[in-house]
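Next come two complexes built around chain A: one with chain B, the other with chain C.
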Partner chain A sequence: MLGLVLLATSPPAAPAATYVEIAGGAFRSTIRYEGNDGNSAVANFALMQHAVSNREFQAFVMQHPQWRRDRVPALFADSGYLSHWQAADAPDPLDADAPAIHVSWFAADAYCKAQQARLPDWAEWEYVAAADPLRRDARDDPTRRSRLFADGTPHAVDAGRDAPGNAYGIHGLHGASWEWVGDFSTLLGDSDKRGGDDGDRLQFCGATGLSFNNRDDYAVLKRVALLSAMQPRSTLGNLGFRCARSRP
Partner chain B sequence: MSRVSHHLLFYALAGALGIGAPVAIAASSHDAATDKAAALGEPIKAVLTAPPLVPPPTNRTAPAKVVVELEVVEKEMPISTGVTYNFWTFGGTVPGSFIRVRQGDTVEFNLKNAHDSHMPHNIDLHAVTGTGGGAEATFTLPGHQTKFTFKAMNPGLYVYHCAMPPVGMHIANGMYGLILVEPPQGLPKVDKEYYVMQGDFYTEGKYGEPGLQPFSLEKAIDEHPTYVLFNGAEGSLTGDKALSAHAGETVRLFVGNGGPNLVSSFHVIGEIFDKVYTEGGSKYQENVQTTLVPAGGSAMIEFKTDVPGNYILVDHSIFRTFHKGTLGILKVDGEKDASVYTGQQSSMELPPAGKSGH
Partner chain C sequence: MRPFLAAPVTSVVMGLLFSLPSLAIADELPGDSVYQVAASLTAQDGRSLTWQDLRGRPVVVSMFYSNCHLMCPLIIASGKELQQQLSTGDRDALELAVLSIDPVRDTPAALQEVADAHRLDPHWHLLRPRDSDVRTLAAVLDIRYRAQPDGTFNHTSALILLDRDGRVLARSEVTGLKPDPGFVAQVKRYLAASP
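Up next is the complex of A and B:
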């Protein structure tokens, strides 16, 4: 009984996440938006080496019980939120080290803030995800590119736990789960700019819409299409996240 | 909480690919058809069938409210002997479930996306009059379901397909099927109806290379398919799965072409099409040998099977049949009729060549 109580009250030990320092630089994004031709400068930042795991997310939920699936307001998470856990405050032990999925953008954002961190921006995510194990920008390699079509599926290149890190030492960016980015909803600018349903949208798209610098990069296209379908309260069984920290 | 602007991203994506960008996400749940629906009587649930089967005729004399429920399922299935492919499907099959309604029907369309799908999907039905053919109204996340309602205004045989970016990849992976809108009087009665749909497939490995074969974007862009198939797999219409009829029966083939790239020169070896409703429309041509079925288009073909035999469905761009799998069989049994076809009557050597007195 005492053991049970202890089990129920003490947050599981989750070792502090490892952040990898990423040296920023000039980068040509696959996507173009807001009049940007895709060339951007990514500032130095730090990124979690691995996606946030169920075990790590459990520690957060225990410290911030308002994020339990049985307490979270419907405004902040849909009905699938943490639905793969065996209890409202505990994942399946076999799943503990797997990336946390079925997490809404609101929850991911709250998690990162609790770690004095934030979700990475799309540009940061894409910058680091351009790397393969040997090259920091492997995007011109057609073989590599076609392997990435399987992102978000069990066939993804980084789906295995023993998949090697990329040239930055970051693991799992092209895994069985997609990942939230902080600005997924604002890639086209401020959310209040949304037009009505009467054609303003098209005008908006026409004026400042996003397009692709590389139309063959279907892996990125698929990822952006997926993120574009999400609401911040949405959760998916193959959508996780990791956090980033700004550097001065 | 207001819906944020990221939907714009989708439209922009669609625009970037040269797809007609849909105008709006249907945020309102108000069902505009509700009022009229009362006049249509109790809603009827549409019977959906897996290929090569076709739902029975609606046999209705008046329009109705028809409810369609279709689920998107991503699954690994055989594409050839010893070869598998990660198909994306409407209803678990390639092509997707056959849908049959009647002109004037009000169709409530429910699209589900299975929990284990890895990305959102939608559906553009060519039978729909309205923005995107329903695509923007059915933008559906994994584990979600969407609904929209349309009136089946025009009769004909129409293709439906997924229109999520990247559209070509969704179609290449098998996301297409047929919806028939019967004219008010229905189609003429026949003895057998079948559903055959061609598609071209692009794999990294060569034709016949065993194992799970990933999609090849390069081959798709170059329009060099590895497989060109009827009903999504080599052998889907041969052997035990051959189509069948008895001599003297009338047969109607609902033929579609999902593409994504190739046009089909559809032909049945040993049979003449008595009628072809070209491009799935309302007029028919008679006495046709080969009919062109465009990518994203269809044809309705009718003929009477006069004598027994194995009639072979091909794309008469014939290398596809022998090297890429475009082959099906219609097995007709029954009594031979030598007045129509004798079979071989003799086989003999020619007189010796050479020293003839010519």
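Up next is the complex of A and C:
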């Protein structure tokens, strides 16, 4: 009886998202920082199988109305935030299963925290996105590389609804929208702080510059360029997100 | 039974809130206030507080980690030098808050050691956020940091002046032992304008 009453008064909820367990491992990132050659070990973690959808983000906004576009503080989102929704609490008539877009980093961060999760780090994202449907690391395949040029557009390899999952069983990493990562702001220092005088070393505590281990990895170059140009309150019509969870 | 008890209590509280509309408006946080972030913190003396508890007084804020031997002492030295350049009255009006980017290692005891080593006065608040809040706080303050494989962090070192409601009024990058004179002037100007 009590259970029924509680159910009846609970806010509407989207079905729980599926998280896929990702076995970590050694990984050579396409990007490297001063003091770090790009070889890293990615720990085990879990990643959402699909990007957060319109339906899921609507459920979040209804449960946390401070994230409605008409209530969100200016600190957390620019004027583009959810601007494509028909109403402040309803994305209709958008495709409920399509990735949520026009979402700021702050909103994505809050969404994941509300699911007892977090945004994936860049290294985790890159690790899983190196896979194609057959190989966990398909980055050396020139044909695939050229196809990934279409990432972030409707022609992207994972843009179609029936696009297969990758070798980890994750869908849509190279889809029609880009995705936020938790540490996007560290992908590049501000260019105006990296002019080369001695003060620069101090300002970033000894190291700053990001460079590329593999300049043929267009998909990563383009993605890094895009994310590093964003502010955490920025939104874009082709930028969504998914969440991750740490594993002990 | 608990869920049934909670509702009447909530409605009484809400009733009280709505009966004091003028107070509620005066209290409303500006949309661009960094205190829009809800975060719990622990101070160097072990006291728990919220990020919003800093509201009400002018604050110079920065982020650091205590196991840092290059920039972090400079952040503290700059803050102390800033205090030195203020009148006694202004010094008492200004709080300094330093948030840790390394909450795993920056326990209250570790932060207290830093406060003792640098003989920081009671206006200094060395604060440990929860792990999950570090990135959010860094994002609203535009502090960029990255953990290095050797356990150190790269991070931007800045002094940021917040007004009483948590709006960013001025910011300067820390590049040495002394604060940027332009930043000091902005702090003085704000304190003079809002006694």
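By definition in this document, the second predicted complex is superposed on the first by the 210 of 248 C-alpha atoms of A that agree within 3 Å, B and C clash if a C-alpha of one lies under 4 Å from a C-alpha of the other, contacts with A are read in each partner's own complex, and residues count from 1 in each chain.
Please note the rule applied: a residue touches a chain if its C-beta (ideal position, glycine included) is under 8 Å from a C-beta of that chain, and two chains touch if they have at least 3 such contacts.
Computed from a prediction, not measured in an experiment: that's the story for all the values here.
S.K.: Considering only the touch criterion stated at the top, classify A:G80 as touching first (chain B), second (chain C), both, or neither.
M.R.: After superposition on chain A, A:G80 lies in contact with chain B alone.
S.K.: Tell me which partner touches more residues of chain A in the superposed arrangement, chain B or chain C.
M.R.: B
S.K.: So, A:L221: does it touch chain B (first), chain C (second), both, or neither?
M.R.: Only chain B; A:L221 stays clear of chain C.
S.K.: Touch check for A:G182: first (chain B), second (chain C), both, or neither?
M.R.: Second partner only.
S.K.: First (chain B), second (chain C), both or neither: which does A:R118 touch?
M.R.: The second partner, chain C, only.
S.K.: For A:H155, decide between first (touching chain B), second (touching chain C), both and neither.
M.R.: first
S.K.: Touch test for A:D109: chain B only (first), chain C only (second), both, or neither?
M.R.: second
S.K.: After superposition on the shared chain, which partner residues are touched by A:P142: those of chain B (first), chain C (second), both, or neither?
M.R.: So A:P142 only meets chain B here.
S.K.: Taking the superposition on A as described, I'd like to know which of chain B and chain C A:P232 touches: first, second, both or neither.
M.R.: Touch status of A:P232: both partners.
S.K.: Using the superposition on chain A described above, determine whether A:S40 touches chain B (first), chain C (second), both, or neither.
M.R.: Only chain C is touched by A:S40; chain B is not.
S.K.: Where on chain A do the contacts from chain B and from chain C line up?
M.R.: 33, 75, 185-186, 189, 193, 199, 202, 204-206, 232
S.K.: Could you pull out which chain A residues touch chain C in their complex?
M.R.: Within the complex, chain A touches chain C at residues 2, 5-6, 9, 33, 35-36, 40, 73-76, 105-106, 109, 113, 118, 182-183, 185-186, 189, 193, 199, 202-208, 232.
S.K.: Can you list the chain A residues touching chain B in their complex?
M.R.: Answer in residue numbers: 33, 75, 80, 142, 145-147, 149-150, 152-153, 155, 184-191, 193-194, 197-199, 201-202, 204-206, 209-212, 215-216, 218, 221-222, 224-234, 236-238.
S.K.: Touching chain A in the complex: which residues of chain B?
M.R.: Per the touch definition, chain B meets chain A at residues 1-13, 15-17, 21, 23-25, 27, 86, 115-116, 118-120, 139, 141-143, 164-166, 169, 204, 212, 214-218, 221.
S.K.: In the complex, go through chain C and note every residue touching chain A.
M.R.: Per the stated touch rule, the residues are 3, 29, 31-34, 36-37, 68, 70-71, 74, 132, 135-136, 138-140, 144-146, 148-149, 152-157, 173-176.
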